[in-house]
Amino acid sequence: MLEPINVSLESLNLMTLAPMLIPIIGALLIIVIDVIKGGLDKSLYVGLSMLFLIMDFGTLLDAAGVFAQTGTVMGVFDMMLIDGLAIISQFIIVGASMLFIPLALTHKRFHEFSYPEFFALFLFMIAGFQFMVATDNLILIFVGLETASLALYTLIAMHNRDKSFEAAVKYFTMGALAAGFFSFGSMVLYALTGSIEINQIAAVLQANNYTDIGYVLVAVTFLLASFAFKLSLVPFHTWAPDVYEGASASMAGYMSIVPKIAAFVVTMRLFEFLIHSGVVWLEVVLYVFVVVTMTAANIWALVQTDVKRMLAYSSISHAGFVMAAILIATTQANSALFLYWVLFSFTNLGAFSMLWMSRQKHLPDYQSSDHSFDKFAGMIKTAPVAALIMGLFMLSLAGIPPFALFWGKLYMISSAVTGGYTILALIMALNSAIAGYYYVKLIVYMFMKEPVTGNDGHVYVTNATLPLKSIIGFAAIGTIFAIVMLNPLLEFITAFVYNSGY
Amino acid sequence: MFEAVAFYLFSFLTIAMFFIAVTTSQALYALTALAAGMIFISAFFFILGADFLGAIQIVVYSGAVMALYAFGMMFFDTTRDVKEKKGNKMIIVGLGTLAAILVVVIFATPMVADNIVAFYPMTEGVGNTQDVGMVLFTKYLIPFEVAAVMLLVAMISGIVLAGKKMDLSLTLMSDAEIKDVKKEKNKKVLS
Amino acid sequence: MEMFLYIALFAPLVGSMFAALFSASPKTLIAGIVPSALLFISFLASSILLAYVLKTGGSIHVEMMTWMATGDLYIPFGFMVDQVSVTMMMVVTLVSTVVHVYAIGYMSHDKAFNRFFAWLSAFVFSMMILVMSDNFAGLFIGWEGVGLCSWGLIGFWYHKEVATWAANEAFIMNRIADLGMLIGIFLVYWNTGTLQYVEAFAAMPSLETDILTWMGIFLFIGAMGKSAQFPLHTWLADAMEGPTPVSALIHAATMVTAGVYLIVRANPLYDLIPHVGLFIASLGAFVALFAASMALVNRDMKRIIAYSTLSQLGYMFVAAGLGAYWVALFHLMAHAFFKALLFLGAGNVMHAMNDELDPFKMGGLSKVMKGTFIMMTIASVALAGIFPLAGFFSKDLILEVGFIQNHYIIYTVLLFTAGLTAFYSFRLVALIFHGEERYKLFGIDPHEAYKFMLVAMTPLLLLAIIAGSLKGTYFDMVTIVLPATQYHVHSAVVYWIMTIGTQLFVIGAIAFAYKKYALSEVKVPDGTSAMENSFGYKLLKNQYYIPQFYENYLVKPYRELSLAFWKEVDMKIVDATVDGIAKAIYNTGENTRDMQNGNLSTMLKWMVAGAVGLLSLAVVFGLAVKFSSEIEFFLSTLGVQ
Amino acid sequence: MFDYILSTLIFFPALAAVFGFMIHKDSIRAYGVTVSAIELALSLWLWFIFDSNVAGMQFMENLPLLPAFGINYIVGVDGISLFIVILASFFTLIGIASLTDTKKVKNMIITLLFLQMTMIGVFVALDAILFYVFWELSLVPMLYIIGAWGGEKRIYASVKFFLYTFTGSLVMLVGMLFMAYFYYQATIDPITGVGIWSFAILDWHRLILPETYQLWLFGAFFMGFAIKVPMFPFHTWLPYAHGQAPTIGSVILAAILLKMGTYAFIRFSLPMFPDASVYFMFPIAIIAIIMIIYTAMVAYAQEDVKQVVAYSSVSHMGVIILGTFALNVEGISGSIFLMIAHGVVSGALFLLVGVIYDRRHTKMMSEFGGLASVMPIYATIFGVMLMASVGMPLTINFVGEFLSLLGFYQQSHILTLLAGIAIIVGAIYMLAAYKRLFFGEVTNEKNKNLPDVNKRELVALIPLTIITIWLGIYPKPVLEPINNSVEYVVQLMHDKSITEEAKTRIPNLVQASMQEVN
Amino acid sequence: MEIGLNHYLVLSTILFAIGLVGVMRRKNLLLLFFATEILLNSVNIAFAAISHYYGDLTGQMFAFFVIAIAASEVAVGLGLLIVWHKRHGNIDLDNMSTMRG
């Protein structure tokens, strides 16, 4: 017979749920407000979302404090796992979201922001990602992932033009396939170990001494395939350029950061123990993934004619670069991953925001796409400040010191060096050099070419409003003065990662 | 013996149904075959003693999902023959069979699985549904709630995407056009 | 005394800078007079120093300031006036004062009058540094400085293509030799630890002969360039494109003798390595003959004199090489006087003949240019070595040196060359001053040069005549620092036979030249005569085809190789490789971007393909692990570890 | 103020550049001249308060940047860097003062001021990463200068310049990270098991590495430095960059930016990897000789006078490299001096080429001829610089060239003889170019009435001429501090070298002076 | 003949492969979505089987959530298809390649 369940409320550690609950409550509230009184301006919802995100951030600070004191906290039937990784990644998720949401306040009107549902879905998505990173249960990971993904597909489609639907459908379909891979991989792991909790899986495999290596590899294959899709590793990357192009620029920037950090955290949880257990295959495969993704994406980025697409490929390449951390799997590498991602989010969001600010509704004759390189020709003459800032982001992405991303690169390559991956370190360095070309290409267009006739520079600020400018300014300042905040950041990240056992 | 017969029978049926579902050029056949396949899968669930799952399978898939698809099919008018362009069949079949063979090769070998402990063992003498309920509302409470959120998201998404407001695209309209539309239409439509 | 040293050294520099101030403005007489006056002051100062040295027998040594000091290397601007350098100083200041004064007249119609004096005085300054320096580095400053000024002065008429070409040739050829010099200096430094003459020479006896040999060879290579020894001789003849005072000063009296000076200065070194000395002497003898032979047929007045200079330099090297340093220095001094005189005379003739240089087009000029005629004749007599003029004392001494040291081949060669010298010198004199007045055919109206130019030349004339009488004093003075070997043929009979024989031989050669060119009918050669078509004549006329050889086998290949390096290697290999890598990367992108063809079906196929690919790897690996023992066994049977 | 003079030197121009955005474009030139004049005054003051007798670093500043990873803001100056710093500020002033490009002059001046910050930063940085920061950052203003004001193929040239050097420096960065890692491992405390991360160059100098490590690291650093120098066969970006860059760009590129590479050899490669330096001495010397002869020949074949000067730079850099790898005091001091000398002379030559380019908008030598009679002053200054360039004694170049070759002679006689060909081939192309430009009759109508150098150009050229001759005659004030610091470096190298060969190749100064005492 | 876990796993794999073939071969989006349903369903069989053989409920839980996810996906997927169809009148994915390269 079943025993009645007696669970003390305290043992549930409900506080662990707080960071996820806040956006969910916020989303529901927004829907309720819309139901009660429709037709309210988007600025209200932006403000509300921002408020909830700030509250979320506050609870995260609290959680960070708790973690610093007591270490990893499990909660709600050990379903929630609040460790350093979860906290840092949630900081990045929420922080990046806070940078993203004011971008809705554009000068021109775009379709998605006319929906209160947009903001609700956005908050749900954040909650989904938060669940995904704050657990080691494959079911919750899966459900969180799907919640976030479904919301994301919709958010992309809500931009409401042909390209965005195309993007959403492509993303959705491939996402469904990836979901199939994920469930199949989980199934094999379950078959092997009888568990779907990562630490238990690890323990069981360890105890079995990886006897069923074939099974393990099948599981890893499918899980890797599904996360490679999320992380846009070649050849699972094919969605990324199209989706980035179809989505609004701000959304593209957001997509290049937040879903990926969530996926990275899960990947780290999943593969860390496998790598440490010396599964040579995985090491080889990840090595190949890292190198191919970095290199191929860079090479494709070289030939792009649209800035946004170029940035999409560059994001893929950066993902490959960061994937190296998973391969190297030392504390330094894992810290480098987060450090890199924090700095990357500043820079990349900034760059995409610049594109967003210059987004027109209708293409003039001289432009072949929304953000073709021609559009930026001679920008220094017509919009010098914007050109300088855009150039700054490009330099940072290229890894020119002392701008933000350089420090990430530095630390990442250093971790490769320390981890004994000499050749990898060199490949990473050389890839940065290849990448230099396409970033510089935009700089060349902006600073060294003459403007196209009919381009009076207004186009670069067509969407500019104070919030947009503030966000870009914030990103720019973060990019330039990254070095100032670097030391506390690195110490914080290292401590959290180390104390989480990674 | 019964189990073996049932397994092979339903295996054959599901494989056949799903095979039809992915190969037929008649959308209606595909839909029907898919629905049948889903039903046959629920049979496996019953065989394996997962009664709750079996029920859910029939309700959700054969009921809700199939209904949605049927609706969709009518909406999209795909009852006519679907032309599948001649692609490179070799790749598709090749990849498919290769995948199957590879995994089958591995799965054909029995697992060692020494240290498997049932973390949430089935309780003897308790109905499957009850059993499932116990676990679902303790350990899997959070995923369950998140799943609820997910369904909410799906619902909102469906409503938003299929809704009338998507017919006009503010993204593609200039400010002047938006103003005009605003005057004509109900304010609630466009906030 | 130090003050006089500085005056002697820097007066030319002040003069040069004074003239340089006016270099951009139109001709001012003062720009010529002031440097000349300053040079005269320098000459006076040098004379005082000479007197001092003569009187005390000591030397003056000053260190002005540090130039370079790093590590163990210490190079000061140090100057030394000893018996050798004061001799050179006297020669340099005297000849250059004369030439300066002469040039005021000679260049009076030139637009760039002021610039000329700037360069000329700068040259004198460099030469003074060269001779006065107390270390090799300072010597090198002067060495390069005279090269620079020579470049500027040869190419003085820069609008003339040949002049600039000759200037560059001179500079570059000198640079080739300078490299040898530089290496020699390095050798000295790294083996003796210093570049000061005194210390370096003091350290040399303790060094290995091999090292000393190399040192001697490399320093001599430096000397070969400046003194235009074979095979670096071609520039000297071409350098005659410069104004004639330049030829007189630089390419006869001073700069070209720097090489001899170097050998004399380095006498402690060359004393230690007599085999190198013998080589130097042999080369000198060869050059003496070689250059004289080219002078025989040449039809360019200045070039003939240049070849004679070359020939005389050969003599000097013979002396220096055989260890008779004081003899070499003496011939250097005597030669400077009469050769400068000869050149200046040639300058007068050129002026008179509107820059015509072909002596065949002159003739009979003795009537219009009496002064010049006398001077050039006396200079030629001195050059030929006729008693009692300067050349007799210095040149015949060299012959004796060769004879006494039993180098009979050298002696024979030099003797023969002495005959040739006499012949071509008087061939020139005869063609210019005697015979018919062929210049009239060319409508030229010659006139004598300014008086003051002739007056300016008289000191040289005087010295060309009496220099021989200074021999005794000179010997006493320089042998304080130079080996004081006396070269006397021990048997009086042999001595007299030799001396008189030589004189007769030389006079015979002169007579032959007069007979052929002054007394008989001389026509302007038109390339038809049998002699002109003979092989020997052509060989000599074309300077043994050496310039052509250089042009065809060094200059042209260098130019072509340079072009090939640029167009083929640099652009097509080195740069193309770099660009090729970049292009290859870019093209890879261009060719593979179709992977992203925008079709969802393809994307899905890529995904599945990726997964299946991973799976295959997994199976391969899984099987490998599973059957690892079998695989190992299999491999071991194959002999693979 | 004394304590922070280096930071002031670095950041004053940057700050001024930021303020420059607010200045009206008509007044920007005056602003630029003022700022760079102040900067020059500051750097001269630095020289004034610099203690020549001290061999080590002076005016050190240390500020934590990323202490968790051992990255600090450490700056300091010694005899090796002092004069390059002064040269950098000097040339910025000269550059701005002589600026004739009126197009977008404000952007140009602001860019130049930023560039100045990076240049000075490179030479005073004593932290590898700080060094790297300035090193890379210097590419950006240069990219802009070439790309925005350059000639026809400016974009190709600028991007090539950027990517080529960027690639090399990234390899160097990997090397730096390795070096830091080795330092970390060497300092691991046996009890705690934790080492010290440090990128401080002075810390690295103390680290003694096994020879194999040294060889690899030397290679990695070499990539970065060699491309920057540029050494054969990595030199092909240079002709393009020079050929396309505006005058000011070429001047600064040749005078300062190229020196970063050779400076870095002395600052990093030699003291950090003495054994590897000895090991690679001959290969590098051979490369240097190829640079000297080969590029001189290529220079001879050029038709564009600016390319002649550009290739001549490569040739001269070969001599600098040779002097550096002489590994003795004479050679290294000479190479440092030659860096300054080449900076002055090639900078001046580029300025001179700019003069005729401004007048005729062509640099092809075939377009000119006989300029000596049209522009006598110009021809004279050009002649002085030409003679300096071919290494005439009593000009600044000779001192450096002489010492460099002298130094290397101790290591190899034959190679020095080959390298010495520099003085021949150098004369060949330079004189040929001079002849084509200045000698002969004026054949081109357009050249008949070219104005001679004007006052503004003279303001730039006269000081350079004076320096060229002054330091040629009296190099002591510069050579002495250099010598002291170099002696320190050489002794350090000797002390920390481990192989037998290195011990013999690198002189032991202490022993030498001991012998003298005895 | 005893039916073991491996049988179910093999069946699941075969079905999964069929699903993959469908995903790759279908050009009609609606039918393509069918194939993704097959993928998820095939996994469900395996989960249930493992759950059965191990006597552990977790597998059933996973299958349960997979069903939920599948259902949600259908909703969103159909929503997207509807919008697309409204605009273009077809749901053929070959018409869906405006973005490429």
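Letters A, B, C, D and E mark the chains as written, and numbering starts fresh at 1 in each.
Please note the rule applied: a residue touches a chain if its C-beta (ideal position, glycine included) is under 8 Å from a C-beta of that chain, and two chains touch if they have at least 3 such contacts.
These numbers were taken from a predicted model, which means no experiment stands behind them.
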Discussion item. So if I look at the partners of chain A and the partners of chain D, which chains show up in both lists?
Written reply: C
Worksheet item: Where the centre of all protein Cα atoms falls, which chain's Cα centre is nearest to that point?
Response: D
Response to the item:
The chain whose C-alpha centroid lies farthest from that of chain E is chain C
Response to the item:
Between A-B and B-E, more C-beta pairs in contact link B-E
Item to complete: Would you mind checking which chain's C-alpha centre is most distant from the centre of chain D?
Response: B
Worksheet, complete the sentence: Chain-centre distance (mean CA atoms) for chain B and chain C, in whole Å, is 98
Worksheet, complete the sentence: CA centroids of chain D and chain E: separation to the nearest Å works out as 65
Worksheet item: Between chain C and chain D, what is the gap in Å from one C-alpha centre to the other?
Response: 35
Item to complete: With chain centres taken as the means of their Cα atoms, state the distance from chain C to chain E in Å.
Response: 94
Response to the item:
Multi-partner residues in chain D (2 or more other chains touched) are 163
Item to complete: Could you list which residues of chain B touch at least two other chains?
Response: 87, 91-92, 95-96, 99, 103, 106-107, 109, 111, 116, 118-119, 131, 139-140, 143, 147, 150, 153-154, 157, 159-161, 166
Worksheet item: Residues of chain C that touch two or more other chains: which are they?
Response: 582, 593, 596, 598, 600-601, 604-605, 608-609, 611, 615, 618-619, 622
Practice prompt. Would you mind giving me the full set of chain pairs in touch?
Written response: A-B, A-C, A-D, A-E, B-C, B-E, C-D, C-E
Fill in: chain B-touching residues of chain A, taken from the complex the two chains share
1-2, 5, 7, 17, 24, 31, 38-42, 76-80, 108-112, 114-117, 120-121, 124-125, 127-128, 131, 135, 137, 139-140, 143-144, 146-147, 150-151, 153-154, 157-161, 164, 191-195, 197, 200, 204, 207-208, 211-212, 214-215, 218, 361-362
Item to complete: Flag every residue of chain E that touches chain C in the complex, lowest number first.
Response: 20, 23-24, 26-27, 93-94, 96-101
Practice prompt. Using the touch definition up top, name the residues of chain D that touch chain C in the complex.
Written response: 160, 163-164, 232-233, 235-237, 294, 297-298, 300-302, 328-330, 333-334, 370, 372-373, 376-377, 380, 387, 390, 392-394, 398-399, 402-403, 405-406, 409-410, 413, 416-417, 420-421, 423-424, 427-428, 431-432, 435, 438-441, 473-476, 479-480, 482-483, 486-487, 512
Worksheet item: Taking the complex as given, what residues does chain A use to touch chain D?
Response: 380, 395, 398-402, 406-407, 410-411, 413-414, 417-418, 422, 425-426, 429-430, 432-433, 436-437, 440-441, 443-444, 447-449, 483, 486-487, 490-491, 494
Worksheet item: Which residues of chain C touch chain E in their complex?
Response: 593-594, 596-601, 604-605, 608
